[in-house]
Amino acid sequence: MTTNRYPAPELKDLPDDIKAKVLEVQEKAGFVPNVFLALARRPAEWRAFFAYHDALMLKEGGSLTKGDREMIVTATSAANQCLYCVVAHGAILRIYEKKPLVADQVAVNWRKADITPRQTAMLEFAMKVCLRAHEIDDADFAPLHAHGFSDEDIWDIAAITAFFGLSNRMASFSNMQPNPEFYLMGRVPKQK
Amino acid sequence: MTTNRYPAPELKDLPDDIKAKVLEVQEKAGFVPNVFLALARRPAEWRAFFAYHDALMLKEGGSLTKGDREMIVTATSAANQCLYCVVAHGAILRIYEKKPLVADQVAVNWRKADITPRQTAMLEFAMKVCLRAHEIDDADFAPLHAHGFSDEDIWDIAAITAFFGLSNRMASFSNMQPNPEFYLMGRVPKQK
Amino acid sequence: MTTNRYPAPELKDLPDDIKAKVLEVQEKAGFVPNVFLALARRPAEWRAFFAYHDALMLKEGGSLTKGDREMIVTATSAANQCLYCVVAHGAILRIYEKKPLVADQVAVNWRKADITPRQTAMLEFAMKVCLRAHEIDDADFAPLHAHGFSDEDIWDIAAITAFFGLSNRMASFSNMQPNPEFYLMGRVPKQK
Amino acid sequence: MTTNRYPAPELKDLPDDIKAKVLEVQEKAGFVPNVFLALARRPAEWRAFFAYHDALMLKEGGSLTKGDREMIVTATSAANQCLYCVVAHGAILRIYEKKPLVADQVAVNWRKADITPRQTAMLEFAMKVCLRAHEIDDADFAPLHAHGFSDEDIWDIAAITAFFGLSNRMASFSNMQPNPEFYLMGRVPKQK
Amino acid sequence: MTTNRYPAPELKDLPDDIKAKVLEVQEKAGFVPNVFLALARRPAEWRAFFAYHDALMLKEGGSLTKGDREMIVTATSAANQCLYCVVAHGAILRIYEKKPLVADQVAVNWRKADITPRQTAMLEFAMKVCLRAHEIDDADFAPLHAHGFSDEDIWDIAAITAFFGLSNRMASFSNMQPNPEFYLMGRVPKQK
Amino acid sequence: MTTNRYPAPELKDLPDDIKAKVLEVQEKAGFVPNVFLALARRPAEWRAFFAYHDALMLKEGGSLTKGDREMIVTATSAANQCLYCVVAHGAILRIYEKKPLVADQVAVNWRKADITPRQTAMLEFAMKVCLRAHEIDDADFAPLHAHGFSDEDIWDIAAITAFFGLSNRMASFSNMQPNPEFYLMGRVPKQK
């Protein structure tokens, strides 16, 4: 099944603040990622969703790079089998990391990906938050500290994982499809 | 382990909008539920979290009662073994449903709980969103429609489940503890 | 579904020895816990069940307190999602431990409960007996010995877990419901 | 590891009633099955265990044959990976069913075993009691009724499964080894 | 970790029959897929592996297209988290199906992929062979027959799944890495 | 269900090379193991299957004995619940190891079997290849090296496991039944 279960609103019918943000994204990306329209049918949820997203993904400070953040999203979304997030955030991951192969590696089996030991430790923790958060204990923090992650960084890893767990479930349940543009983005030179 | 891993800020140090909301909750509940302070160390995330929460849990319209909403939270948080959410939202569930036994039943085994067939169908769907959202297909919507849930109601069920999946992971990872007051709330007359 | 699948016999129709025990329990607790009547439809099984129960739960000697024993029952019954045992034995756990919050903590996520490190080690072992007894090996005994448990204590932990695994399956299969009295017991002063 | 973790008492040191039963079994079987001595170190538990066992396995009446009962034990003990019970009860199953191949078939994959459709339905239910008793609902009873099982027969199936779940956990935890005699019993003519 | 654990032999050191096949593949694909060299360190296994591969994947006749066959490989290899097979066979899938998006869809969540209902039924069966072959029964064949698959086609589906289950385990265990060329193949026009 | 889903060809209709091999096996074993005829309906697959089988199981050199190899097959086939392979290869295991009890032990719970610590380490690795090959990392190789297994031996362990994973799936899907002769083989003196 490849159609969203819930019809997306048209751009012209959106509240002004949402419309403005959508147009800004379109300007920057060259297209409107489907999640912006799919969630806009519920403006209050839309605003909370993107406020949360931006607080976590556009955050200044801390030791997580933008590539690290997208890598967490890609790995945990793959564990949740979320088509939208793996394809869309895998694309952004490729761009930030400037590594055309890394998203597929992280999505299929992050243990085999061409990433740093620090990133492997980061994903190990993210996957436990994703799949067995109730079992997290002190022993899970030690390897992250050893790689130089602060407690605030660890909060970032957990929060990004938790937020995209929400996003994954919304996308899967509503059958949200990634825009075709995402599939190729970051794979070839000049591709933007 | 029974202490939050991350120190909560003091009320006096919070931004005004957050402080105002916390005081309002304290006024109404008689105490400050720990989640309000625990998340306040990150104001931007706090604002997004509660905006999302309120959009889903205080929503007007639709066929889900407030009791239904808390029942979804209790059942799915139990599946995620989230101590904070099961205890806190189980308390609110007892109050809204005016059934002192229902929260424990739903948390231990929702299939055996003294709830309506409509609520059982609602929880069946919520549990699938919680545990296997990637497997949801058309066949999962039919029984909900048969019980009178609209597509908007189903979105509510899914979104509440997804949002508290986020909340569960944050609470478990950070070792958030429920306030002692919640454990007894709604179990005895006059309580609250 | 909230009715036992199998009708319970009436007190007056029970064999004398069973009737005597039921009356004794009623005298002590103020009500007849449903398990006493539900299993009494099969007198030979009833006698074996309670003989086994008493040999494990009323045993003199060893380092396990009565609170420890009920804690094992509550934690493993929660893993088996047995409504009857979690609610009934959670009540007794609260009373023996004199901790009104401990049963809910142990049932939802024993790793987050306000219990001693010795009790945590005890539950770690009990959960392995409950869920993966076939994988138990020498390495599982070492941490228990380190906490002062003797081999006889460890037998107690395993046997209590195994016996309530039986009890959980009988209660779930037959839809045995906990008496309403259990839900509140041990939560408030004077209660009992 | 192939030695019982807990030393078995010697026959001469057993209480009279237990000694008498052990001698009776030895007379009948030609050897003392290890479970009789392994559990005898705890006389009260021994008595309850075998009283329960006999109530379920030697029961008169009902539509379950002795072969059916041993088949339930073999299938569920295999699911629990209990070496003692699969080997010992598989032997008895071969004898009662007079089918030298049936125990291995049932232990490895009961769905492929040369048994009747009625026995397949019986095992389907037993496996659910063994692995997911908390999910049992009305729909699980219908196919058993269709095969002529009464509600009392279904209780027998569940109780045998539950009891051997206890037995499996005790045997696995304590590393109880089946007597060598069991491995060959019922496989060749004249054997026994 | 991104290096094969076992060093691959050099082309010049290979037996003549293997060298000939490798050169033929290189001629056709423009590069030597790593699996050809990685397995060549064991010539007898290499010959059996590719004989089996060709018998299943290059088979004439039957209703499975080459695209169908690669789709089975991609979906089941993703379930086994095999990086090499998902990337390499996903590439071939894109080419045969002439659908640049289909491989990512099938790998992340085949239930959401833009494929035909016939292909969905095919993958449903393949996934059961991959994950729970021991539970396959008659009921699994009916939907395939309904979509026009013959028993021989069903054997093909099962055999391809089983063979790549072998391949997945060899690739994962030995840390076989896909050639970089595969990642982009079939995604852009003119790509070969 | 106890009949193969796919009819086996008759010996007389087989290609000459296959017929010759079948007759050779019959001469040696006294009967034709069903797998030889069941797969012969597809001669090209048959040839690849047995070439692979022989390369792994009849290999000269390395530290794995023939008993070790059959032990790997028995343990992993039991994990896959493959009736044919557990019964047939369990028989050969008994013969090679000259231990009439070992096959049942390994099949029911290899952790409790009367085998050497070296064999336990070997099976631990084989089971990970069987069930979670994608998680294998360097740490899994260390205990094998400590027991004297070379990297080539480890390849053998992995390849045997992977190959019989294929075999298990083919046998289960097609409902291949073990010959009755296998069940008793190696259990009694003189049995060959």
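When the chains are written out, they are named A, B, C, D, E and F in that same order, and each has its own residue count from 1.
Just so we're on the same page, a residue touches a chain if its C-beta (ideal position, glycine included) is under 8 Å from a C-beta of that chain, and two chains touch if they have at least 3 such contacts.
Keep in mind it's a predicted model, so treat the numbers as computed, not measured.
Q: Return the chains shared as contacts by subunit A and subunit D, ordered by label.
A: Chains in contact with subunit A as well as subunit D: B, C, E, F.
Q: Starting at subunit B, how many touching-chain steps does it take at least to reach subunit F?
A: 2
Q: Average the CA atoms of each chain to get its centre, and name the chain whose centre is farthest from that of subunit E.
A: Comparing chain centres, C lies farthest from subunit E.
Q: Measuring between mean CA coordinates, which chain is farthest from subunit B?
A: F
Q: So what angle, to the nearest 5 degrees, turns subunit B so that its CA atoms land on those of subunit E?
A: 120
Q: Could you tell me the distance, in whole angstrom, between the mean C-alpha positions of subunit B and subunit C?
A: Taking the average C-alpha coordinate of subunit B and of subunit C, the gap between them is 29 Å.
Q: Using mean CA coordinates as chain centres, what's the subunit C-subunit E distance in Å?
A: It comes to 52 Å between the two C-alpha centres.
Q: For subunit A, which residues are shared contacts with two or more other chains?
A: Answer for subunit A, listing residues that touch two or more other chains: 1, 81-82, 109, 111-112, 134, 137, 172.
Q: Between which chains is there touch?
A: Result of the pairwise touch check is A-B, A-C, A-E, A-F, B-C, B-D, B-E, C-D, C-F, D-E, D-F, E-F.
Q: Subunit A touches which residues of subunit B in the complex?
A: Touch list, subunit B to subunit A: 1, 5-6, 42, 44-45, 47-49, 51-52, 54-56, 80-82, 129-130, 133-134, 136-138, 151, 155, 158-159, 161-163, 165-170, 172-174.
Q: Name, in rising order, each residue of subunit D that touches subunit B in their complex.
A: For this pair, the touching residues of subunit D are 134-135, 137.
Q: Note which residues of subunit B are touching subunit D in the complex, please.
A: Where subunit B meets subunit D, its residues are 109, 111-112.
Q: Going by the contact rule set out above, which residues of subunit A touch subunit E in the complex?
A: Listed in rising order, the residues are 1-2, 78, 81-83, 86-87, 100-101, 104-105, 107-109, 111-114, 172, 175, 177, 180, 183-184, 187-188.
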